[in-house]
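In structure tokens below, several structures.
In what comes next, chain A is part of two complexes: it sits with chain B in the first one and with chain C in the second one.
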Partner chain A sequence: MTGQAAITGIGQTEFTKASGRTVLSQCVEASTKAIRDAGLEPADIDGIITYTFDTNDEIAVQRSLRIPELRWTSRTPFGGELSYATFQLAAAAVASGAANHVLIYRAFNERSEARFGQPNANAQAADLEQREFYRGFGLNTPAQVYGLWYRPYLDRYGVTSADLGAYVVQARDYAATNPLAWFHNRPLTLEEHQASRWIVEPVLRKLDCCMETDGGIAFIVSFLSHARASTRPVVRILAAEQLWLHGSEVMYNYYQPDLTAQASTERLAANLWRASGLSPAEIDVMTIYENFSPIVPMSLEAYGFCKPGEGRELINSGGIGRGGVIPVNTNGGLLGEAYIHGLNNVTEAVRQLRGSAANQVAGARTALVTGRHCAMLLARE
Partner chain B sequence: MTGQAAITGIGQTEFTKASGRTVLSQCVEASTKAIRDAGLEPADIDGIITYTFDTNDEIAVQRSLRIPELRWTSRTPFGGELSYATFQLAAAAVASGAANHVLIYRAFNERSEARFGQPNANAQAADLEQREFYRGFGLNTPAQVYGLWYRPYLDRYGVTSADLGAYVVQARDYAATNPLAWFHNRPLTLEEHQASRWIVEPVLRKLDCCMETDGGIAFIVSFLSHARASTRPVVRILAAEQLWLHGSEVMYNYYQPDLTAQASTERLAANLWRASGLSPAEIDVMTIYENFSPIVPMSLEAYGFCKPGEGRELINSGGIGRGGVIPVNTNGGLLGEAYIHGLNNVTEAVRQLRGSAANQVAGARTALVTGRHCAMLLARE
Partner chain C sequence: MPAKRDQDFFWEAVDRSELTAQQCSDCEKRRHPPAPACPHCGSQHFTISRLSGSGTIHSWIISCHPTLPDPNPKTVILVDLAEGLRFISNLIDAENIRIGAPVTVEFGEVNGRRLPLFRTVKNP
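Presenting the complex of A and B:
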């Protein structure tokens, strides 16, 4: 079943801080562009997939796009935690014959309306039950919840705020030369990062946190034979995995024996490598769902690009930068380009494999896309 | 891909009007029973699927059941409209290799907490945008919304309240001999049906409306080779389809050229027959998601068991009863057994194919399960 699906279309709106538009109109704009990008018509689309947190009703999207008939609709639970599991669902839909071309979308006014970075802003969260245990202790925002998780890791391996800043400077370097990025033409110095105010002291400065963005992104996932009929390079989904170990929570569960270990991510990585038949040495470009900067060294380690504790060194030595051994978030990532619940990192991976990225990695043929509870391996055919 | 999945486990709670328990505890009870019924352990389960309307967090269910690792989670949009599409998703999950054994669940206190039959009760509905167009005209409950749709059909074919009563009497006849049914030992006469008060005059009496129930139901869907290793009869999913035509709404869209036609259901039926390779003559038992009685004759017609307008005659002549040409809702259906968002009709179909139903259809080998925007064909191997 592996590898029977391909990403054939990508589309997006402008990324803004105040779109002044409905979320649905942004969803439809991104979707229309993705359908066109795939060389398809709305009548070719027969499946729709999004997140449970998305507010765009499938039926409203279908009506707006004038899709005659849908034979598959489904949602991944929660929000960004399963961003890339939408592709797992889409791959299963087309591989099982339930659909030929599936539209994936995510759109929100996450800066101008409900801000994820604010306390209680994400009131639609399905995990309120668990979070009630934490709120009383002041853990009301993702920065607070994740900051507490990162700290033991940072302490154990001596990762400093300046080490995290090295990633942020790299991300902004990529963003500066990416015309689609919010921080286009605005590179950052380490000094500026170090002057950024604390959000969760001594872990996260403001510039360690991802942006809040208004916008929409959409993709088309097609059965492989349809993708091969297209004139574009074929971007196959070699593997798409999600993972919830017992004791997981949507954001983080502190009741684990070793908070510096990454059992869940390492298991997810192992499943992905096994399913795809690839290894870290064969990956040309990587994206990391860096809602916060510490997850970058942690992910480099968990996915096997270096040993535990060596992520900071890999970053400081330029290993994830231009010409590095594993370029990471070449679009600027969620800190430099935009935060559309992680999907803009998939757009970047597709562009890299098509050879059309702003910061193109020469000859990129494989891309690893990682998130909190999901990951995906793409390959140019 | 068709037929690579099987339903290997079923489980349920008691059906009540006031469970006095949390929804999660009912979900976990039903799930535990389904896992045991499949001859499995929680550690065998690697996928979870439910509806977006379900309030049971996948992570909470995983924690409660002590499932070590989940590699697939997804939800079908809305509630009962896509009840059986959960099996389409599960079949794709196991057929694509993403999971081996998927748990499907649905649990609620739909009588003692949020009542679907009351105005505004279903505030979680994703389709509020559309429904705002109707609410101002008094269409606040499913009975009101659907009642307006049924009326042109009933008028065109001269279907009377007594014709609908014939179905209800038949459903209650089945329920009376089903120990799991709410109306066990309580058959109904046509006179009693005709004395039932109007909910939407002159279409729906109280006894034409499905029940409101507290309870939970769960299933295990397994990859076919795993199912064959079990000692139980193998119940294959020959086909599971969902369908949204352009212009659909979650409940009903009145802006259609002919309100007495059933374009959507007929198209869904055609897709299902094509996918399964079966025809109406080959079906041994059928379940219909009869949230309201008029959908029974309409479905018999749309699925090809009789011609348009002849559904009432098929029912009045005993065609759906014991020994009839196509026994329907042999558990008592949603009017006689319970209303767990339609899933209890799947439990009945599985029991029929296992040969263990209270009102067993002798030698049943195929079962058709139909809903508003989804349908499924099951077969005993």
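Presenting the complex of A and C:
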């Protein structure tokens, strides 16, 4: 089913801390730009997909965009955990003929309205089952929930706060030269990272946490033969996968015997490499859904760029930086550019493959976009 | 009458100062968090089993308000219970926090709600 779809359009709003406007208006702006970027008209769009956490009603979006006939809609469960699975479903929709051009969008006022980082404000996640086993005990924000999960890994491999800081400094180095980034022109030193206050002691400092952002992002996924009619470089979806092993939990993933292992992500990676026929050595640029810094070394290991426990060394030695063996989050990532629930790391992958990124990896032809439970491989034709 | 939830038994037992878990009637394995079917064998038949309340600290973090002054930070612990289950709770004697420390359950009131909390034990 994969290999028959391409990302043909990208669009986004400005990234702000207080947009002062509705979420829907930002969704419509980003979507309009994505359709135009793909060289399409609203009448060409016949499918829509977003996250279940998104608040923009598909039919309201259809109305403002003037999409005459919507033939296919879907949503992926939760928020960031399956953010990139939207591309897996959109690719399947166009490959099956269920739709020709699918619009993917995500927009929110995550900083100025419902902040994920504040206790009890994450109303969209309140329907997760059995939060009473966590909230009353002080696991109220994603930083707290994930911080407890990261700790056994950090302890086992001796990953220090300064090791995590090395990633953050790298992300801010990329962001500093990315005009779209919130932290444009604002690089960071390791000393500044180490001086930032604890959000979750002894795991996450403030600067280890992704930022909170208002804004919207949209994409167009098209059937491959339609994409080839475009004047832009074709960014093909070689493979897109999601994976949950039995025993995993959404966010509160505390019940597997060995919490330092990443069984779901490792299986997901194996499936992705098999489906695409590629290997880590053939990847030119990578993005990681780094809602928090510890997931960066963990992902480098789970996706096979180094052995378990060696992610910190790969980061400290400059391996993910400019000219490194695997440049990661070259836009500054979710810590340096913006946090649009992971999707700004996809726009960066597309820009890299089009050759239009601010921190361009010379001649990039393959991009790996990763989360813990979803990922995709993109390639320039 | 509202529909009964899969986890109601747990909080009813907490009100009696008992820590409990579902136990499968077929394969006899216990499970937490509560679920309508056994994750090991799929059986939907179960009884409620009282747990010893003994365990050890697997990992921990400090939870405080992310942006406001917080005079009462919580020590959040992930407990390996003696029965092989994992449980999230708080350590009452936070000054004794240590990974691997033996702990035992102690019930207390937090923000008007009765919760199963834990305290370290000197001679387990």
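Please note the rule applied: the second predicted complex is superposed on the first by the 378 of 381 C-alpha atoms of A that agree within 3 Å, B and C clash if a C-alpha of one lies under 4 Å from a C-alpha of the other, contacts with A are read in each partner's own complex, and residues count from 1 in each chain.
The criterion applied here is as follows: contacts are C-beta pairs under 8 Å (C-beta built on N, C-alpha and C of every residue); 3 or more make two chains touch, one makes a residue touch a chain.
A quick note: this is a predicted structure, and the numbers were derived from the prediction, not measured.
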item	value
Residue contacts with chain A in the superposition, chain B compared against chain C	B
Touched partner set for A:Leu148, first chain B, second chain C, both or neither	second
Chain B versus chain C as contact partner of A:His246, first or second or both or neither	both
Chain B versus chain C as contact partner of A:Val203, first or second or both or neither	second
First, second, both or neither for A:Gly117, with chain B first and chain C second	second
First (chain B), second (chain C), both or neither touched by A:Ala93	first
Partner chain(s) touched by A:Gly318 [first = chain B, second = chain C, both, neither]	neither
Touched partner set for A:Gly277, first chain B, second chain C, both or neither	neither
Residues of chain A that lie at the interface with chain B and also at the interface with chain C	130, 246-247
Parts of chain A lying in touch with chain C, wherever the complex brings them together	117-119, 130, 132-134, 136-141, 143-144, 147-148, 151-152, 155, 198-203, 246-247, 252, 254-255, 259
Contacting residues of chain C [partner chain A, same complex]	7, 11, 32-34, 39, 58-63, 65-67, 74, 76, 78, 86, 88-90, 99, 110-111, 113, 115
Of chain B, residues touching chain A in the complex	1-2, 52, 57-60, 62-63, 66-77, 82, 85, 88-89, 91-93, 95-98, 126-127, 129-130, 241-250, 267, 271
